[in-house]
Amino acid sequence: MEKPVCVIIGIGPKNGRAFAQRFAHEGYAVALLSRSTDYSSGLAAELGGKAYACDVTDPKAIKHAFAQVREDLGDVDVLLYNAGSGKFGTFDDVPDDEFEKGWQINVRGLLQSTREVVGPMREKGSGAIIVTGATASLRGKPFTAAFASAKAAQRSLAQSFARQLGPEGIHVALVIVDGGIGTDDQSGDEGTHLRPSDIAETVYHLATQPKSAWSFEVDVRPFKENW
Amino acid sequence: MEKPVCVIIGIGPKNGRAFAQRFAHEGYAVALLSRSTDYSSGLAAELGGKAYACDVTDPKAIKHAFAQVREDLGDVDVLLYNAGSGKFGTFDDVPDDEFEKGWQINVRGLLQSTREVVGPMREKGSGAIIVTGATASLRGKPFTAAFASAKAAQRSLAQSFARQLGPEGIHVALVIVDGGIGTDDQSGDEGTHLRPSDIAETVYHLATQPKSAWSFEVDVRPFKENW
Amino acid sequence: MEKPVCVIIGIGPKNGRAFAQRFAHEGYAVALLSRSTDYSSGLAAELGGKAYACDVTDPKAIKHAFAQVREDLGDVDVLLYNAGSGKFGTFDDVPDDEFEKGWQINVRGLLQSTREVVGPMREKGSGAIIVTGATASLRGKPFTAAFASAKAAQRSLAQSFARQLGPEGIHVALVIVDGGIGTDDQSGDEGTHLRPSDIAETVYHLATQPKSAWSFEVDVRPFKENW
Amino acid sequence: MEKPVCVIIGIGPKNGRAFAQRFAHEGYAVALLSRSTDYSSGLAAELGGKAYACDVTDPKAIKHAFAQVREDLGDVDVLLYNAGSGKFGTFDDVPDDEFEKGWQINVRGLLQSTREVVGPMREKGSGAIIVTGATASLRGKPFTAAFASAKAAQRSLAQSFARQLGPEGIHVALVIVDGGIGTDDQSGDEGTHLRPSDIAETVYHLATQPKSAWSFEVDVRPFKENW
């Protein structure tokens, strides 16, 4: 029998790695999309998944990568949209092209990726799309002029998705990561950083919530965070 | 070895029952507090727990009930504050005493219950307090003049708790139930009501989240809910 | 011709004084309600208004004061609910009776005062009720366990009022004061404190907004505030 | 003596017209920027202002228009960013280029326009930038996938501006228009639509608020609006 397929966009040694590990461990075939495969190819090998180069600022690259995923693994059951590193700086400091890239990565890329996976999800009447948000999704500060603006747009788009796709049986959710992300080598007892695998715990919970009680927005933060 | 103790306040055939079942199933000794034990005593027997009569509008009753719980079962590890049925109606319709009762049940009772359990939790540096909120926690509508006002105060108080107790190792969280609560006899495929045991799934997830990535506020709603 | 009547609840040398001055200046007969008339009687004399002793934690006192206002000045056109000094402290520190008083002052007193003025407003199809909120109306912090909880309940209640009474021609609004309140002796150029008469500027604007474009919630803060 | 200068971006027979009339009436030289000058040239003539063609999706056009404004009228004192008609439709319906245009008009255009005016404002330590938002600024619905996403990003960016520029003496504010906009021919007694000149009343209030008590976010809606 075929494994369910989980696509993770945005692969690095923190969240991307932890999400991939968790879903692979739970029996998913994992497709790892990131700008370069330098890091992701080793992880894919380790997890029996596949790595794909995909710059989400490039619509053609997104189209191409998902076509490959479908050919290699079949229809997508879970999409984890974890792309979204942001340029920090005030509006004075952020170059125009970086400002635009922030929007392309966090917003346009999410729109296109959703379009790529949603067809078969609709046919099955099931599926999950989980987006990695940040405190900046909720407010704009001077030093997050570009990042927060993109994250707020992403949150709004995810809301539109959730409200439209929920009734079709597709669960869209947003995880607001409120704090610095550390590593799994930390015990978590420091209370100052989120362990990626602990975030993955909540992401996996969301992806498997029973449909009579779906969450849209869930915040996660270290227990000593000042918020 | 002694079982961990879970106190559930507000026991009826929906959420209260489902929360008790879930935590009993996971190995907790469950203490069921409700105004009358007519319903809860049977449930307690079924789950190997204990039922206590406790009218949360009465501070002495709260004090007494927790003293009994401690004597019978020991220190409390998890508190599920599920009291909170509200009187609906515009401000024209709600009698003064009902308005006040709404505040006593949702807010003052939560304050007192938290005070009752928090001492040993602080000593251990662990514990969880999960509050059942509602859409009304987030906004006041004409027909929720009393209920929403109490729920908003409850949410704010839970936030104060979370921000203070988090760094002490105690997890405080709020579940926003956004929709009508049905029964576990429903499959959940109708999409119109939340199944109590599906809400319990998220409550249990919160009570066991790793402390590097704690959630404070989580919404849950049926997948067909219009929100 | 009779002057329109403005009742201001909560009179001190800061907001209460500034609101009274502004509305008196704009041609209103001002009724000043506060626990003691030590301060307010001089202000009333100065402004051609009237001072009333009214402890808003006492329902009978509220009933009595409004009866006097109606007898002395007639029906109320504008109610400025400015009561709401709060007890600061964590939930560990705040005594039970102070916690309850916070709710009585900020929430129950607003409910009762609204009931006292709303009848004639409904008959005329006009009137304004403006509530003084605070940052704590929006979130609970450790040191605002009592105050924020009361302020959140007040905000929710004001929302219920606004949604119900708006269509009846009565404007209910909430001003979120986000920052320390200074004095009118300050120029405002310091940027660290709100001048009471500058807050009054926005309160008066709200009380006279044309009804096709009413605001419910308006924040005000000093220009150098860190928020 | 030279008149203060108010630039209004987004000129049509509703808000744009009303804002221009109000600020011209208050003694401002008004510069009207819109994609075409078909409508705005007549209005400019009527108000003794100037009309400029400026497609805000085109960065060069923005740069050019502001250079002209500075040459014709001098430094800008007030910027009213009223561009922002949005494409409605679900994410299935909205073409990629319309989705991108929504972001260019509401977000990138605001960033660039702010950059164009902020230099002299900083030198003077004064100025106002008021942005026209919408209910969609606060939430994404199925039919506002593109519009709400852009409006949420705009709100976040305006927040970043407000927090950074406030301490420099520049007031940035957002007006959330929550309801359908009608015409000034309506009396406002219908309660179903906002009269543009009534919105202008609040915009002008914001532009002239004393700096010790500045608002960032103000909602406006017709008194019969269901919200």
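Read from first to last, the chains carry the letters A, B, C and D; within each, the first residue is number 1.
The rule is short, and it goes like this: a residue touches a chain if its C-beta (ideal position, glycine included) is under 8 Å from a C-beta of that chain, and two chains touch if they have at least 3 such contacts.
It should be emphasised that the depicted structure is a prediction, and the values quoted were computed from it without experimental measurement.
Undergrad: Please identify each chain that touches chain B as well as chain C.
TA: Touching chain B as well as chain C, we find no chain at all.
Undergrad: What chain lies farthest away from chain C once each centre is taken as the mean of the Cα atoms?
TA: That would be chain A.
Undergrad: At what distance in angstrom does the C-alpha mean of chain B lie from that of chain A?
TA: Here the centre of chain B sits 31 Å away from the centre of chain A.
Undergrad: Cα centroid separation between chain B and chain D, in whole Å?
TA: Here the centre of chain D sits 45 Å away from the centre of chain B.
Undergrad: For chain B, which residues are shared contacts with two or more other chains?
TA: Residues 163 of chain B touch two or more partner chains.
Undergrad: Provide the full list of chain pairs in touch.
TA: Listed in label order, the chain pairs in contact are A-B, A-D, B-C, C-D.
Undergrad: Okay, in this complex, where on chain A does chain B touch?
TA: Contact set of chain A toward chain B: 163, 166-167, 169, 171, 182, 186, 188-189, 191, 193-195, 198-199, 201-202, 205, 209-227.
Undergrad: If you look only at chain A, which of its residues touch chain D in the complex?
TA: Counting only chain A, the residues touching chain D are 59, 90-91, 96, 99-100, 103, 107-108, 111-112, 114-115, 136, 139-142, 144-145, 148-161, 163-164.
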